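Think of it as A, B and C in the order they're written, each chain with its own count starting at 1.
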Amino acid sequence: MAKTNPGRFFEDYSVGETIHHAVPRTVSGGERALYHALYPARHALYSSDAFAQGCGLPAAPIDDMAAFHVVFGKTVPDISLNALANLGYAEGRWLKPVWPGDTLRSTSDVIGVKQNSNGKSGVVWVRTKGVNQHGEVVLEYVRWAMVRKFDLDAPAPETVIQELKPVLEASDLVVPEGLDFTGYDFTLAGEPHRWGDYEVGEVIDHVDGVTVEEAEHMMATRLWQNTAKVHFDASLREGGKRLIYGGHVISMARALSFNGLANAQIVAGLNGGAHANPCFAGDTIKAWSEVLDKAETGVPGVGAIRLRLVATKGGEPFTLKGEDGKYLPHVMLDLDYWALMPM
Amino acid sequence: MAKTNPGRFFEDYSVGETIHHAVPRTVSGGERALYHALYPARHALYSSDAFAQGCGLPAAPIDDMAAFHVVFGKTVPDISLNALANLGYAEGRWLKPVWPGDTLRSTSDVIGVKQNSNGKSGVVWVRTKGVNQHGEVVLEYVRWAMVRKFDLDAPAPETVIQELKPVLEASDLVVPEGLDFTGYDFTLAGEPHRWGDYEVGEVIDHVDGVTVEEAEHMMATRLWQNTAKVHFDASLREGGKRLIYGGHVISMARALSFNGLANAQIVAGLNGGAHANPCFAGDTIKAWSEVLDKAETGVPGVGAIRLRLVATKGGEPFTLKGEDGKYLPHVMLDLDYWALMPM
Amino acid sequence: MAKTNPGRFFEDYSVGETIHHAVPRTVSGGERALYHALYPARHALYSSDAFAQGCGLPAAPIDDMAAFHVVFGKTVPDISLNALANLGYAEGRWLKPVWPGDTLRSTSDVIGVKQNSNGKSGVVWVRTKGVNQHGEVVLEYVRWAMVRKFDLDAPAPETVIQELKPVLEASDLVVPEGLDFTGYDFTLAGEPHRWGDYEVGEVIDHVDGVTVEEAEHMMATRLWQNTAKVHFDASLREGGKRLIYGGHVISMARALSFNGLANAQIVAGLNGGAHANPCFAGDTIKAWSEVLDKAETGVPGVGAIRLRLVATKGGEPFTLKGEDGKYLPHVMLDLDYWALMPM
C-alpha cells in the first residue's frame, strides 16, 4: 500500500463534501517576526501591541495575509497537488483577528464541479474556512482550480456552479470586535491620509521595489506549510528557477502598498484575484493601487475602501491589460480587496 | 595571550573528563517558527499546541531535531574545530520534550580515545548531554570524530574504547510523560497509517524534493550557534560553495519524510548515522525510508518504529551502496533512528 | 495630492524640531531567534534567560544592536530617503534593556544644520531616541547625514553646530539596573578573559568569516523596517547587487567579535563610526578589534572597555588606513564603542 499522498483528482470531489485539512498550526511572535523579515510590512496595527491597544484591540494580531497563507497552505495537499491552474478567488472575508498563541486548522466545502469538455480535467470550487482553537471561523474564501482527472473513464459529475458575488458589499465585511479609531494616531501610523482623502478612481504608485530571492520565497512558503513542489524543487523546471507561490507576491505587494495606503490597516474582504503571470527569483516586484469603491461600515469612524492591488515586474505603473484584453506580461497580480481605515 | 578559541586538539582530551560547553540558549516560538520556515516540517505534534494537548502534552514541544541541533551546536567549539571528520553517532536518546521558554546547555563526557597509527590524529568519543534549566537531561548521544594533534610529540594516550550499542532496544526509549494517543486524530495528523500498517522491510519514497540555498543553511546553522567556519566562509573552498552542516540535511530529510510517515511523530532514539557525501547549495535533497524494525514501548497505544532515513541528491530511490560496499555518490545521509507513533 | 512619502529635503529640517517617527514595533522571541539566525551572535547574556538571571536581570534582553536597528529603522523614512551620505554617529548610549514584549518607537530632535557651499545640499544633525511603551528612553544617539535640497532657491538656514563629545566618558554609560557579575559563569560565557585581562592597545583578530547573501541582509533590514530602497531593489544598481545596510555589517562584526571578546557582553556606548566602504552580497566579512581604553563604571565588578571594531572584506587584519589617511578598500566599518564586562 502506497503511504505517500497522491493528492485528489477531479473525480474525487463531490459537491456537499467537507474536506478536513491536516496539520493544525499554532502561531506566535515567531511567525510575526518572520512575516516582517520576509515582507516590508509596516501597517502599525500589526507591528505594535501598543498601537493596536490604542485602537481598542487587546494586542497586535497576526497580519491578515499571514492568516490567509496559513489557512491556504493547509489546503494544498488536498486541493492543489494535481491542479493545472489556480483560477480564482471570491467571497473572501476575515471574520476574527488571529492572535499569537492561536491554533488554526482549515476545512473546505466542495461547492461546485464542472468537467471540462476534453474529459481530462475539470474545475472544482471550494469554500475554505480557517478555524481557531475555539472553533471560531477566522476567515473564509472561495477558490476554484482546474484539476486533472486520474481515471479518464470516471463519469462526468453533474455540473454544479454556485453563484458567487462578483464583489462583496460593505455590509458583508466584519469589523474586528472592539475596533475604535477615535484615538487613531496618524503620525505613528505613518501617513495623514484618512478614508475621506481617497477618491474612487484614484491611482497610487507605491514607488518601492523588492528583488526577490529563492531563499526568501521558499522560507515564506514553508512557513505556511504549503507543500506544492514547484516552489521548492529546482530540478522540475528548465533553468532551475522555482515557481514562486502566488501568495508571496500578494504579501509583497500588500506590504509595498504601505507607501500611500499606510492607513488601509485591515484586510477585511477579498473580492477576487488573478495571478496574471508567474514570478521568479530575480524579479523586482513593484506595486500600484486603484481605489475602486468606498463605503461606510456601520461602525463609527471605520471606513471601507475597495482597492485594486497590482504587482508588476518592470513595465509602467497603471498599465494592466493589452488591447486584446489580456494581462500584460509584466503584470503578476491583479487583486481586488476591501480594507478598513479610519474615516 | 591569544584571546580567541583555538579549539581542542587530540592530546587535549582525557577519558573521564567532562567538558562544559558554553553559551546556553533559551528557545521560544521564534525558534519554532524558524524551524518551520527552514524545513518543510509538518508533524502535527510539533506544529499545533491544540494537537499536542489532544495527545496529553501541555503544548507543542520544540521539534526533536531542533533540540538536537541546539545541543550539538554548543559542542562545536570544543569538539569540532580541529576535527578532520565526524565519524558516527550512537545511543542517542530524547529523554524530555523541550518547551518554548526552556534554556538548554550541553556537556560532553570524554568516553574514549584512540590515537591513529600515523601519530598525527586520533579518534575521540564523547557522550553529549543536553540539560535544561531544571538540570534535567533532555537528550544525550554519543558521537566520535577524528581530531588533529597539535603537538605531534605528545605521547599517545592509552586507548580506551567503550562498547556502544549498535542499536537501542525499545526498552531504552523514553516515551514523553503524559503522552496518550487514545484520541489521536489521524485526519488532522495528515495520514491514516498507524504503527500496525508498516511492515519491516517496507520502503517509502518520500517523493518531494527541496533545492537548498546558501542563505537558508547558514541561517539554520547559525540559529543553532554552530560556529564551524566551513559552513559560512566561501573563501575557504574552491568555487565558493560552503559545506552544508550535516544536521541541515538530517532535518530536511526528516521533514520530507512526513509524506509517508506523518504519524512517526516523535524522534526517540538515534542508533547511528553517516554523512555519506557532502551537501552544497544547489543540491536538491530528496529522501526515502526503510522500516528496519518495530517494537512495543510498554506504553499502551504507543509503538516504536525503527527507520532508516536516506537523503539523496539525484539518483534512484532505494539505492544506497555500490558493489564495493561504499555509499553511492548521490547518497548524503544514512540515518538509523527510532520514532514513536500511534499503534 | 500625492499620497506616497517623498521624504524630507534639507530645507525641511529646523533646529529645535522633534520628528516623531512612524510605525512602532513590538519585539518578541521571534526577533531574538531571527537575530541569532542572521548573525553568529553568542553573547550569553542575550542567548539565555538562565544566564541573564544569573547576572541579576529578569531575562535575556533583546540584543543591544537589534534594539539599535529597530530604533534606527524607524528614522529612515524621515531622515535617509534623500540622504546622499550617512556621515557619522556620536554620543550613542543604551539606557535600558529592551525585553521581549516591549514596543519601541523613535523620535529625532534636529540639533544642527549646515548648508553646503554648493547650495545643493546640507548636513543635518539629529539626536534620535528610542522610547518604550512606558515612555522610557531605551537608547539615544546622534547621527548626521548629508541631505539633498529639493528647492534650490530655499534660503540657507542659519548654521547651527552643536558640540558633540568625541568619546563618551565611562561616567556617561548606564549599567543595566540590577546587573551583578558576582556569580558570572565564565565557562558558560565561553571565555575566561575578564576586564583585567585586556590591555589598552591590544588587538584581537576574530578569525572567523561569514560570506553574506542577498536574502539574509534583506531579511535583516526588513526586520528593522528599514525602507531604504537601495537595500532591496537590484534594478537600481549596475550588476544587480543591492547595497547592504551598514547596520548589517555592524551586527555581523559585533557577533564575530565573540571569538576573543565573549565577555564584552553589553554594548553601552557608541562613540563614533564610519561605514568606510560598501558591502555587497558575496563579500566575506571578517573582523578585528583594538582595545582603545578601559575604565571602571562605579558598579562593583562591572568594567567598561572601549573598543575599535573593524569589519573587513579581504586584506590583512589590523590594517585600517593608507598613507593618504583614507580607509583601505577592504575596510567596511570602523566602529568605536564601549562595552561592559566582568572585572
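Quick note on the criterion: a residue touches a chain if its C-beta (ideal position, glycine included) is under 8 Å from a C-beta of that chain, and two chains touch if they have at least 3 such contacts.
A quick note: this is a predicted structure, and the numbers were derived from the prediction, not measured.
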Type of chain A:chain B copy interface by residue overlap (half), same or different: different
Turn needed to bring chain B onto chain C - CA fit, degrees, nearest 5: 120
Whole-Å separation of chain centres (CA-atom averages), chain A against chain B: 36
In chain C, residues with contacts to at least two other chains: 28-31, 33-34, 100, 213-216
Contact footprint of chain C on chain A as seen in their complex: 28-34, 36-40, 42, 44, 47-51, 60, 100, 187-191, 193, 197-198, 204-211, 213-216, 259-262, 282, 284
In the complex, chain B residues that touch chain C: 1, 3-5, 20, 22-31, 33-34, 77, 100-101, 103, 105, 133, 213-216, 218-220, 222-223, 225, 227, 229, 232-236, 240, 242
